[in-house]
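In what follows, structures are represented as structure tokens.
Two complexes are shown next, each including subunit A; its partner changes from subunit B in the first to subunit C in the second.
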Partner chain A sequence: MTTATKTQPMTKPLAASNFVALFRRREYGVLALLLITLFSVGAVNPAFLAAGNLRDILVAATPAIIVGCGLTFVVLMGEIDISMGASMGVLATVMGQLTSPAHAHLPVAEGIALTLALGSLIGLTNGLLVAYGRMPSIIVTLGMMTILQGVNVILMNGHWITDMPPGLRWFGLGRVIGIPVSLWIAALVVIASIILARDTPLGRRIYASGSNPSAAALTGLPVRSLKLFVFTLTGLLTAVATVVSVPLLSVIEPGVGSGFELLAVTCVVVGGTSISGGKGTIAGTLLAALLLSVVRPTLVFLKLGPSASYWERAIQGAFILAAVLLDHVARSHRRKADA
Partner chain B sequence: MTIPFLHITGLTKTYGGVHALSGVDLDIMPGGIHALMGENGAGKSTFIKCLAGVVKPDQGEIRIDGSSIVTGDIRASEAAGIVAMHQESTAFAHLDAVDNIFVGRELKRTLGFLDRAGMERETRELMDRLGETFDIKRPLQELSLAQRQMVGMARALSHKSRLLIMDEPTASLSARETEALFRVMRQLQSEGVAILYISHRLEEVFELADRVTVLRDGRHIKTCDIGDVDREGLIRLMVGRDMLVEDRPGREASDTPVVLDVDGLTLAGVFRDISFQVRAGEIVGLSGLVGAGRSELANAIFGIDRADSGTVTVDGKTLPPGSVQRAIDRGVALVPEDRQHQGLVLPLPVSSNLLLSVLGSPKLGPLRSARKEGGIVDELIRDLAVKTASASVPANTLSGGNQQKLAIGKWLAMGPRILILDEPTRGVDVGAKAEVYRVIRRLAAEGMATLIISSDLPEVLALSDRILVMRQGEIAGELSHGEATEEKILALALPLEVAAI
Partner chain C sequence: MIQARQPNRLLSMRGALPSMQELVLIVLLLGLCGMAYHLSPDFLGPRAQIMLSTHVWELALLALPMTLIILTGGIDLSIGSTMALSAVVFGLCFKAHLPIGAGISLALLVGAVAGALNGIFVAYVKVHPLIVTLATLAAYRGVAEGISLGQPVSGFPDAFTQLSLGTVGPVPIPAVIFAVAIVIIGLVMARTPVGLWLSAIGYNETAAEFSGIAVRRIKLLLYTASGLMASMAGLLFVARRNTAKADIGTGMELAVITAVVLGGSSIFGGRGRLFGTMLGILLIHEMREFLSWQWNRDEITLVVIGVLLILSVLMDSLLSAKKR
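Entry: the complex of A and B
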């Protein structure tokens, strides 16, 4: 008996195989776009590629990277979460009020621990309502978003927090071996997420459940527990993102986190994760987060005029539509090839 | 004589008062290929779902080597060595063969990380055993159907399975792929694995199986060695039941004008070169197995799907392909199989449902009028004898049979020329069936051209003036009311011997 060899010719999979292959590697497309942007702006204005500027771009991208990792798993399951922005607002206020000398003045470690716990609790609530309440996740998290926006106004009660203790601000401003704390934490989250996705049973079960939910049920996979997990993880990572990004600010005000949910969703979708679930990578989300956070400095460095940076949102939005359109085209090609 | 290792006793499952299975007993021998046969709706799928732990039976016991296994638990069934390849695709299209085989019970290294190398090695071994050589790291969506089936097979084998359940595994395979599958099945058989095999293809059953069990209406009818039964005998066992409905004399409606004329209708891969006519006042039955292309044909006539070629003509005028609106304008009405989701708007009141087809039509005028609407609704409820507390209660409070009357009545408001009914009595109890039949017959007597798609053979026989039988996307034959019998219909509907290459 001969052993199986991978070089054996096989049936030609699809007529449009090259086209499909291109989108199976969306990461490469995003990476190419990112590099092209970096080097062409660098050619026009070399200051753009200075170490300090690149570090600033990375730091600006950390909240989207961290939350994007959690959200990638949610979208892989075929669900969505849009409560992260409002959640970040509440978490920032709570973290500030717990630690600031003018309020509860708890030790920073305790304040952070409670913030992480609260973030997880918010995610857990979303997960329970989606998995066991069997409600559509877009509705559940829209409701959660609205509630949290209201709660934030009540908590803040018109008083901005201007006295974050130095221990807390270290998470935004501090450095370890010359590298900002937030980058270390983001790197840790990314690596852990990649391992979770690729090298653990949990990760593979998430992919499987998103790929074919009815097959997952027939296989005996615990689909509801998996949903609970991905939402809770996203809640926790929203708190982590809050801890590393909010201390960069000098004040905590009611606008913290507003619009952030859309940025995170954009990163996941542009990064190649299929909105119908089952397909996507953490690397794609990471690269998309970097690409999106390069948009604003690009507009500034190209000196297109004082109102140039107003185009940031429009460009980010165009990325979403382009990504979803590509998915759709790739899918309909596959359907035709299948028929 | 081998001794059975698996005993199933008294398996019973009801869905909403309907017995899908009642008290089925079965013994399975090691290393045997056991065919499970029956008409659509005989309970085969429910039976294997109970065995595989997907569905929990209401009563009954499954014992392996004398010890009873927990029912309704997929993991328990798998642990006992009962593994099913379901008809619905259980494949994870985005994942590769390795993930597909091991997801849910992955091999692990220290700290719970995946033992990817170990899983790949075992996958290669399984593929060797099956004689497959494709790349196990390709996502399944890039593999052929036969290769995906082999992945499903490998998954089943990886459980050290003792009973492999295969639900119509050859339905979408080519002749060559089918041969390859049979070779693997025989090999497994020689290794002592028992196979419970569901197929409508009689030739396959006679070629492969050593024993056969026939189910009918959820009951165990007969189990015997394959040598003790012939093709005709098997068909008789699958069919043999009493007529539920009074027969009606078939009419030769050759004098009335042709209402629906379908000519050479083709949709690639679904149905080919379909031609037939339906005359005013005629009821034409469209019979065939599930998957023969009947519902798809109805969808194409109604314009939901666009046929590749061929024409649909109503009252002498050709319909533009792929336009539901134009089909409705010409008087074509389709009552879909899934009336709850596609035929009715369940939360809306009875009256709103009955008015769906005439909303905005000249009949009602531009503004709503309680008087006009009420007149139409009251008339329909009276004509169809819909049993409802009032016209204003939601449609979902009605029984299945009365919901079906609503789904038909919805179209009657607009005065259709041709009524297409897809499985008009599925899920309807016996009493209500007779009432639905009365409605269909009365409409025909009033001149309606009717096309009925039904898997219920006695129903087709009792209602139709003529019966068209579809097989694998083609019209296999036509039977007049006088000559049609269940045996003749089934003989036409069952797939032919796979063509030699």
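Entry: the complex of A and C
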């Protein structure tokens, strides 16, 4: 965050020519690590590459992928959001209470529409405080996180939600043409985000404002509205992720979503998006989310015994440090080449 | 994440007068005490306060190095995980029938090494502290889970649990540890140029480096101290609960950062002091304890803290925008 004062050079002209530049860097390293993992585990245990298992890996990664897409735009703007986990908890509770027969028993469509609206509202509030209250986003979303954690306990009031209606379950368990609903939705979000980032004026403005906010403001870019947009988008996508992932759980309890914010931030950062803004891609976030979610099944399929899965987070952490170190080595190489 | 820096604050932070934000916290704290006195006078008595204070010492200890790190414009998200790692290391030593003293030393050593690793990445590899400590947040807890296989260790001897439950006269031992820590750090900050160096680094790291401040060494030291303090907090936690498990300290980092920022530190560095942080912690602690004492509803504390955090920083940013 301190580096934010050093103005970054603009990421080259905003045209198709920087297509390569945008996809050149961290993404390849993450992709290589992912492919190596997939194929080496597949070589040891071919069942790992079975369609069913790959599908499970993808399904496990969907919440991080969906929220990661929104968060990538937030980080591209040089901001951060750490309220997604607590937000997901509240949204899950609200969605459950609205639709469950034991509570409000609304039609599923209405319940989901309200959940999406509430998610957007949370994001909008974050955005308003950051853009118009001129507050550091880490504080705003830390405060929001704390508030939402309290609200969730109050809302839930000790009663776990155990009776999600079948219509809601469909979003977690249902299939369309043999592919889980959640994957269709995640694919839609990813494709829309890539188009938004690369091919729309809105996306290009986000990159421009992130790489040099004061220059962007002087050029007449609506930096504040852009901030409002990226936070609202992240709020909405958090609700989408809630809708597709929570119905997979047997009960909705207060722990839903806890720690999710750090996972999402990790995906964005490992995917190569610069924490000071202006640089990064959706593809990178997608690959990083896949890489982090492949760790657990890898440990299972290598048959290292039941204790192996306890090392999941250590390995995830090592992956992040490896990505960071690789980046450092690459940077110092480039600097030497320049000199 | 850009904010205009106002150099005049550099001078005022060393002043003895409380800042605006600290005044607000003091008023809120007095208001809370007034309400408590009105509703339930027992709450303010020394016996109740000492009894209720057992929960706060770990948070207070962790907030000391965090204030200094945030003052330099850094952040340490890995402290909760370092707590768990040290606790588990201690637990395993105990299980391996090592003497308690050896277990404690090893746990503290592990904490210091974990902190130093953060410091090396931040200061020498020059990776953003948010990213480094996010990685080690996962890694340290992962190692704690891995070496303990998620199993708790308990049944520590009284000699060890006394570390948290024992008292010196009427004062709990964790309070004594905290008092020693804050007196040392407070003296260093007030009587030596270190305080000025830290905020100089927070204001403008490059300028600080050019003016001869050993920026990298200071950062390495700070993160190491943070790791050491985290392992101390982890040990106190184990002593208090009489169980060492890999899930302790989850979310601690954000609670500590909340207290530091509520106390008036700027998250961008350069501004902040221990006095404000202590007020922040005191307010959070007293509010939580009172709400659960009186109405058994401490979850409201979270909502109030979140709102206070946002309002205090919002007020600050609107006021400084007007001044400009």
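The rule is simple: the second predicted complex is superposed on the first by the 296 of 339 C-alpha atoms of A that agree within 3 Å, B and C clash if a C-alpha of one lies under 4 Å from a C-alpha of the other, contacts with A are read in each partner's own complex, and residues count from 1 in each chain.
Everything below uses one rule, namely that a contact is a pair of C-beta atoms (placed from the backbone, for glycine too) under 8 Å apart; a residue touches a chain by one contact, two chains touch by 3 or more.
None of the values given here were measured: they were computed from a predicted structure.
Novice: Of the partners subunit B and subunit C, which touch A:267 in the superposed model: first, second, both, neither?
Specialist: Once the two structures are laid over each other on A, A:267 reaches no partner at all.
Novice: Applying the document's definition of touch, where does A:181 land relative to subunit B and subunit C: first, second, both, or neither?
Specialist: After superposing on A, A:181 lies clear of both subunit B and subunit C.
Novice: Is A:219 touching the first partner subunit B, the second partner subunit C, both, or neither of them?
Specialist: Only subunit B is touched by A:219; subunit C is not.
Novice: Quick check for you: in the superposed arrangement, does A:129 touch first (subunit B), second (subunit C), both or neither?
Specialist: second
Novice: Taking the superposition as given, does A:211 touch the first partner, subunit B, the second, subunit C, both, or neither?
Specialist: The answer is first: A:211 touches subunit B but not subunit C.
Novice: According to the stated criteria, A:307 is in contact with first (subunit B), second (subunit C), both, or neither; which is it?
Specialist: second
Novice: Just checking: does A:201 make contact with subunit B only, subunit C only, both, or neither of them? Give me first, second, both or neither.
Specialist: The first partner, subunit B, only.
Novice: In the superposed arrangement, which partner chain does A:278 touch: subunit B (first), subunit C (second), both, or neither?
Specialist: A:278: touches subunit B, not subunit C.
Novice: If you count the residues of subunit A that each partner touches, which comes out higher, subunit B or subunit C?
Specialist: Looking at subunit B versus subunit C, the one contacting more residues of subunit A is C.
Novice: Identify the overlap between the subunit B-contacting and the subunit C-contacting residues of subunit A.
Specialist: 1, 3-5, 214
Novice: For subunit A, which residues count as touching subunit B in their complex?
Specialist: The touching residues are 1, 3-6, 8, 10-11, 13-14, 17, 24, 195, 198-201, 204-205, 207-208, 210-212, 214-216, 218-221, 274, 278-279, 334, 339.
Novice: Can you tell me which positions in subunit A touch subunit C when the two form their complex?
Specialist: 1-5, 78-80, 82, 129, 133-140, 142-151, 153-154, 213-214, 258-259, 262, 265-266, 269, 275-277, 307, 310-318, 320-321, 324-325, 328
Novice: Spell out the residues on subunit B that touch subunit A in their complex, using ranges where they run on.
Specialist: Subunit B residues touching subunit A: 53-54, 73-75, 78, 86, 88-95, 99, 102-104, 106, 108, 112-114, 116, 124, 127-128, 132-135, 138-139, 141-144, 147, 268-269.
Novice: Note which residues of subunit C are touching subunit A in the complex, please.
Specialist: Per the stated touch rule, the residues are 1-3, 5, 73-75, 77, 121, 125-128, 130-132, 134-143, 145-146, 148-150, 202, 205, 250-251, 254, 257-258, 261, 267-269, 299-307, 309-310, 313-314, 317-318, 321.
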